[in-house]
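Order as written gives the chain letters A, B, C and D; numbering starts at 1 within each chain.
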Amino acid sequence: MTRTRISGALRSPLTFSVLAGLLIGALFLLGTGADPFTAYGAVLTGALGGDGIGATLTTSTSVLGLALALAVPLRAGLINLGGDGQLVLGGITAAVTGLYSPLPAPLTVVLALLAGMAAGAGYAVLAALCENHLGVPLLVSSLLLSYPAVSLASYLARYPLKEPGSSLPQTRALPEGVALPAFGDSTVTLGLVLVVLAAAAYWFTDRRTALGYEIRMTGLNSRFSAYAGVERRGLTLKLMSVSGGLAGLVGAIGVLSFPYRFVDGSLTGPGYTWTGLTAALLAGAAPLGTVVAAFFFAVLQVGGLAMERTTEVPRELTQVLQAIVIVFLAARLRFPSRWFHRRSRESEAV
Amino acid sequence: AAKNDASDSASGAGGTSFTLVTPDAVGQNEFLKLAVTGVKEAAKQHDGTQKVYESTDTASQQQNVQAAVDAKPDVIVLVGFEFADIVAQQAQKNPKQQFLIVDACTTKTFENVSCAVFREHEGVYLAGAEAGLLSKSGKVGAVDVLDTPQFRRYSDPFAAGAKQVAAKTETSTRFVGGQSPFDDSARAKEQANTLLAKGYDQIMAAAAAGNYGVFEAAKAKGAFAYGVDVNQCPSAPGTVVDNVVKRTDIAVEKGIEAVLGGTTGTTVSYGLKEGGISLTGLEAGVDSSKCVIADHKDVLTKVKALRDQIVSGELKVDDPAAS
Amino acid sequence: MTPPRAEAGGVAVELRGITKRFPGTLANDAVDLTVRHGEIHALMGENGAGKSTLMSVLYGMERPDAGTVLIDGREVRFASPGDAMAAGLGMVHQSFKLFDSLTVAENVVYAAEPRRFGLVDRAAARSRVRELAEEHGLAVDPDARVGGLPVGLRQRVEILKLLHRGARTLILDEPTAVLTPAEADALFDVLKSLAAQGRTVILVTHKLREVLAGSDRVTVLRDGRVVARLVTADTTADEIAASMTGRAVELDRVHAPGTPGAAVLRVTGLGTASVHDVDLTVHAGEIVGIAGVAGNGQSELVEALAGLRPVTAGQVTLAGENITHASATERRARGLAYVPEDRHAVGTAPAATVADNLAMGHHRTSLSSRGLLPPAAVRAHARRLVERFGIRAASTDVPASALSGGNLQKLLIGRELAHDAPLLLVEQPTRGVDIGAIQNIHDQLIAYRDAGHAVLLVSAELSEIRGLADRVLVMYEGRIAASYTKDEADERTLGLAMAGAPAEATH
Amino acid sequence: MFLDSDLLMSALRALTPILLAALGGALCERAGVFNIGLEGMMLLGCFTSVATSWFTGSPWLGVLAAALAAAAYSLILAVGAVTLRGDAVVLGIAMNLLAVGLTSFLLRTVFGVQGTFDDPSLAGLPLVGGFTPLAYLSWIAVAVAAVLLSRHVWGLRLRGVGEAPDAAATLGVRPAAYQYGVILLSGVLCGLAGAQLALGNVTLFTENMTAGRGWIAVVAVMLGRAAPLGVLFAALLFGLAEAAGFRLQGLGLPQQATDAAPYVVTLGALFLTTARRRRRPSGARS
């Protein structure tokens, strides 16, 4: 079943959308007087060639991490729009832990990762509590809560934790050795392994466990799973804590990688949260699809920058390309929608 | 977009090459535009080639620096304090590669990293003095992008300069903030409005793209504003009094020159004295600058005196970013 | 535009050679149907026989692959229900098509509004509703929100909608599936008076009793084809049933009474939203039926027992253990299974596969160990249940939405029976299900009881309650209003009790 | 000194673009279409209005062009979600993304600049009594929308379509037509919102200048329960909180705190408004 679904997903709508996107992109390129083959070639070699693959894998770490973070609740029909806040809190918490932990460096790294996850998880749970007990839809509570978290981290980086003398809003650098080991000379760190492990765990949970089954059924019809005893509030809390934990992990990985400090705005600047959410939405939160979509977007981001360096083509083109692919995919892709009770009821009452 | 100078690259096949990496899109960012001018000028002078890699966020900054290092040009020029950590890392890994950072420096010194920094606060101080002299209400303020030490360089010395010439001046600073602080001109305009509503009539605008919003607000209330980096007077003639000009182009040119001449690993500071920082009003061509200050020669005379004091070291301006 | 009113007895609606194909199914196969002015014409058939499809074609919701539609002798081609309405047709769908948040008046005039300056003339709408209600005996408050109305009244709103549009032919798809006998009788009174005014009624139904009592002629469909055209006065229930199923059916089978054992479910003084002070006991080997007009707290009671609704007062014990405040999961673990009323919105996830639907509830117990749920186990389980309960599905990997209503119900009941739980709560087990499937389901429930399990059955179908239950409770306004033994519970007694006036002494 | 008329004016100025966009979102919501592409449509409106005003010299043509362009852009959502039955949330997010890329791209190709386009001779909207005519229009639009929705035939049918499209369809009302209508209308309103932002609040175009206002409009739709007056109050609340935040900065509060203030206030308001619903017993099965 899994296999047919993957091949089916790969075969029809995805391929169609990517091809359509490339075609429209090519028209754009011709319009600006550029050669589409050169430009697309530059994207591919820039992202997957020897010089670019490191950057692609580094970017994939963040994009995939956040895509997973947002896919986990999405599988049950819950949309977490607060990825930015959870990410940043994870990052700043890891920074604080790294700066003040009395433990030896390797243990501090572990502690910082755990602390970052805990902070992200805790904050996401807050949004879940708003939905469970205060009746504010998760979509809104997570989005609104995100802003104060970003402001708080920004405040901490600029005042209590700031690096003296620096013009940048950034914390002091973590002590020597408080860093995730990198592969050779590259910027790819152990963080990638952690995120890939998380993806594997998600796949396993989704396909092979009772909990994963409950999550899927909740996404398809929440009243059905509630009737059979799946406790919705508890599940929301669980999923949001995992979601926030993963976002926090990505933040912690960011801080424990070069430049080994929390720089205000650097975690949210590249827009990983949106890219991740889009990847998760496109894949209907299915584990493998999410991984594929996240990697695809990472390739586009890194390759787009490379294309801009080597050709005259502005990078916005890859952004446009990405959006067009999504539009095409979305138009052909049905997704179990639960964010609007009315809509779901109507579709269930066939 | 990558700005390959085709004609230069043809002639300078074996010549020198320079790569400029910017922290943000160049766009209308006057400071970065000047850096591009500088590196192009340097390429022309040394019969070499140049490339510009524009970044948008920390991830792309790192990728661009990596790409620049991989291409091994003679000098990699980086503009902005964002690059301090990245350069420190890359300089260590690539001891043969020469780097020039403009507007910042690494904490440790490296043999292959040269730095050029500015003392903007000196120019801002002079602008503040103009504001203090011109203010009718006795209230001068500033609108900064964010509350960071770097941006405070555009507000604190402004207040100090005004108080220097008019001790009773009231001062206040607003920060644009929000979701998109560098682009949000509507927010910048509202921030300026809150100052104007309180009677502030001279406003230093260090709000990046938001400057245009600040100028609009000032213009609507008949108040005055001060621009940064280049002459911004033409975007709101009659409203913009003067500008704190930062000659990034000179810093880039001179920096490259020094590196090619074998002087590496040094830090050069540009201020009023070196001509790296100035006011439009103090430069030649002030009369055709469309700046309000052109009509206030008396003010300029007093400001020139202050400048001379700073240049001679007689007067010291506090640097908010140094604390 | 309005065609001249044809004389009574003339042909109002004629379908000729209608064929409609869906991928993999021939839903209607050259169907001819003639309906005369002023008659009540019943259209019968098992689940999936093609009744709804035929009516969809007539009403312009589906295009036929072949065949013609004639109204008052003239050929018509409807592109949409709007066209059909303009030609004097009106349809009440099986699942009501109402706007819950709007008022009765707004629902009635929707898309045919009285206007003043482009604005909806609310006063006119209200008086129009009152007028129509008065004329046809369909009393309902024009200002009530439809969402808060009981089903009987909602159906009135549906009919008022058609009358407001001047429908001369009314199509009703299983209109009595959710009505109590009293409500159904009232509906037939209305339909008869409409027919007497010369209007035409086409009635789609599974219920023989109603057809015999209320219709003039009957057309029976089987597998998309017309298999019988009967005049009601000249036929019998057995004949109709036989032509529907293609075999002789034993109607109104009498099941042997159960042999009650120890108490399994004991409820004392239970209170929850709109339920007050309910006492009841269900013993092993016994079916206790709860009768009542919809909206008198039966659903809330069952939900509270299933753990889907907080209990605000009283106590519930299951096999001696107090489960008053236990969660749904804990209750299931202690031996409770539950067949909910709404199979589409609650009982299944139509978008999930048959296998996944069959796994629900078993996924934490028999199918998994230490939290792991092997896909192979899920599939094997599904194949077992499909076999055991005769669920007809192309494969266990197709979505449940591809099953017919009867088969979906079998899936649901099979899944819950497979828990082998000491207590089964079951609501409306045969709503909208055809005779063949009904018998199958009834047999399953009796077998379950005879295996020594306790069953609490809620049904609006009095014949079902009387056929299955060993004891009958009647709920009225959230309370148990009366309690009867199997023998005491005749239709009249129950009907009175359901209306709030228990006749004989109760215990 | 705190609650003066300047504060109110400032709040009302911040309010106008959000209100226009949120009205569009509310209408879509009423028709059962969840529109989170407001930000993108607004941004496209910003660019179109500035470009048109620049080339024609008329801000009014700019407003018109913005409305038309954003409406055309909204067809992505209409075709994608209504006709092709795609997911509205994904489409909306894609539209927001596409608008950022597209406007930056056009800024480069049309004006040959990056970042900001600004020119003293760019004609902005005139001010009448301190507000642009679009601000007055937005208030009128609230009233008109309120009457349309509650009293007009169109509004009744629209509400029906949003609640039960199949029920509306059986009565000869085509849900898709109404959904297309409101999506296009939301495009027009977002186009106006963009024009107000780029030719009213300021007179220039900056990449990504909507800066999250479209998302605030989405929140206002929810907070205001998709009712025109509710949306007005929600947007006003946000505008007031933001304007007050600016003031608080003047009193020495850190910028980060004043940045967060409007969101915290909005969340608080959501708690309060949902508190009433929470206390009501749940509607059980529906």
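Assume contacts are C-beta pairs under 8 Å (C-beta built on N, C-alpha and C of every residue); 3 or more make two chains touch, one makes a residue touch a chain.
Model, not experiment: these values are computed from the prediction.
K.L.:
In terms of C-beta pairs in contact, which two chains are most connected?
P.N.:
Top of the contact-pair ranking: A-D.
K.L.:
Between subunit C and subunit D, what is the gap in Å from one C-alpha centre to the other?
P.N.:
Taking the average C-alpha coordinate of subunit C and of subunit D, the gap between them is 44 Å.
K.L.:
If you average the Cα atoms of subunit B and of subunit C to get two centres, how far apart are those centres in Å?
P.N.:
From the centre of subunit B to the centre of subunit C is 76 Å.
K.L.:
What is the distance, in whole Å, between the centres of subunit A and subunit B, each centre taken as the mean of its C-alpha atoms?
P.N.:
35
K.L.:
Could you work out how far the Cα centre of subunit A sits from that of subunit C, in whole Å?
P.N.:
46
K.L.:
Please list all residues of subunit B that touch 2 or more other chains.
P.N.:
Subunit B, residues with two or more chain partners: 146-147, 179.
K.L.:
Multi-chain contacts in subunit C: which residues touch at least two other chains?
P.N.:
Touching at least two other chains: 346.
K.L.:
Counting only residues that touch at least 2 other chains, which ones in subunit A make the list?
P.N.:
Residues 147, 158, 314, 345 of subunit A each touch two or more of the other chains.
K.L.:
Quick one: which chain pairs are touching?
P.N.:
Every pair of chains in contact is listed here: A-B, A-C, A-D, B-D, C-D.
K.L.:
Contact residues on subunit D for subunit A in the complex?
P.N.:
32, 34, 76, 79-81, 84-87, 89-91, 93-95, 97-98, 100-102, 104-105, 108-109, 162-166, 215, 219, 222-223, 254, 256-257, 259-260, 263-264, 266-267, 270-271, 274-275, 277-278, 286
K.L.:
Which of the residues in subunit D come into contact with subunit C in the complex?
P.N.:
147, 151-153, 156-157, 159-160, 163-164, 166-174, 281-282, 284-286
K.L.:
Using the touch definition from the top, list the residues of subunit A that touch subunit C in their complex.
P.N.:
Within the complex, subunit A contacts subunit C at residues 1-2, 207-214, 216-217, 220-221, 223-231, 336, 345, 348-350.
K.L.:
Which subunit C residues qualify as touching subunit A in the complex?
P.N.:
By the definition above, subunit C touches subunit A via 95, 306-308, 327-329, 331-332, 338, 340, 344-353, 356, 359-361, 363-364, 367-368, 371-375, 378, 397, 401.
K.L.:
For subunit A, which residues count as touching subunit D in their complex?
P.N.:
For subunit A paired with subunit D, touching residues are 28, 32, 79, 130, 134-137, 139-141, 143-145, 147-148, 151-152, 154-155, 158-159, 274, 277-278, 281-282, 314, 316-317, 319-320, 322-324, 326-327, 329-335, 337, 339-340, 342-343, 345-346.
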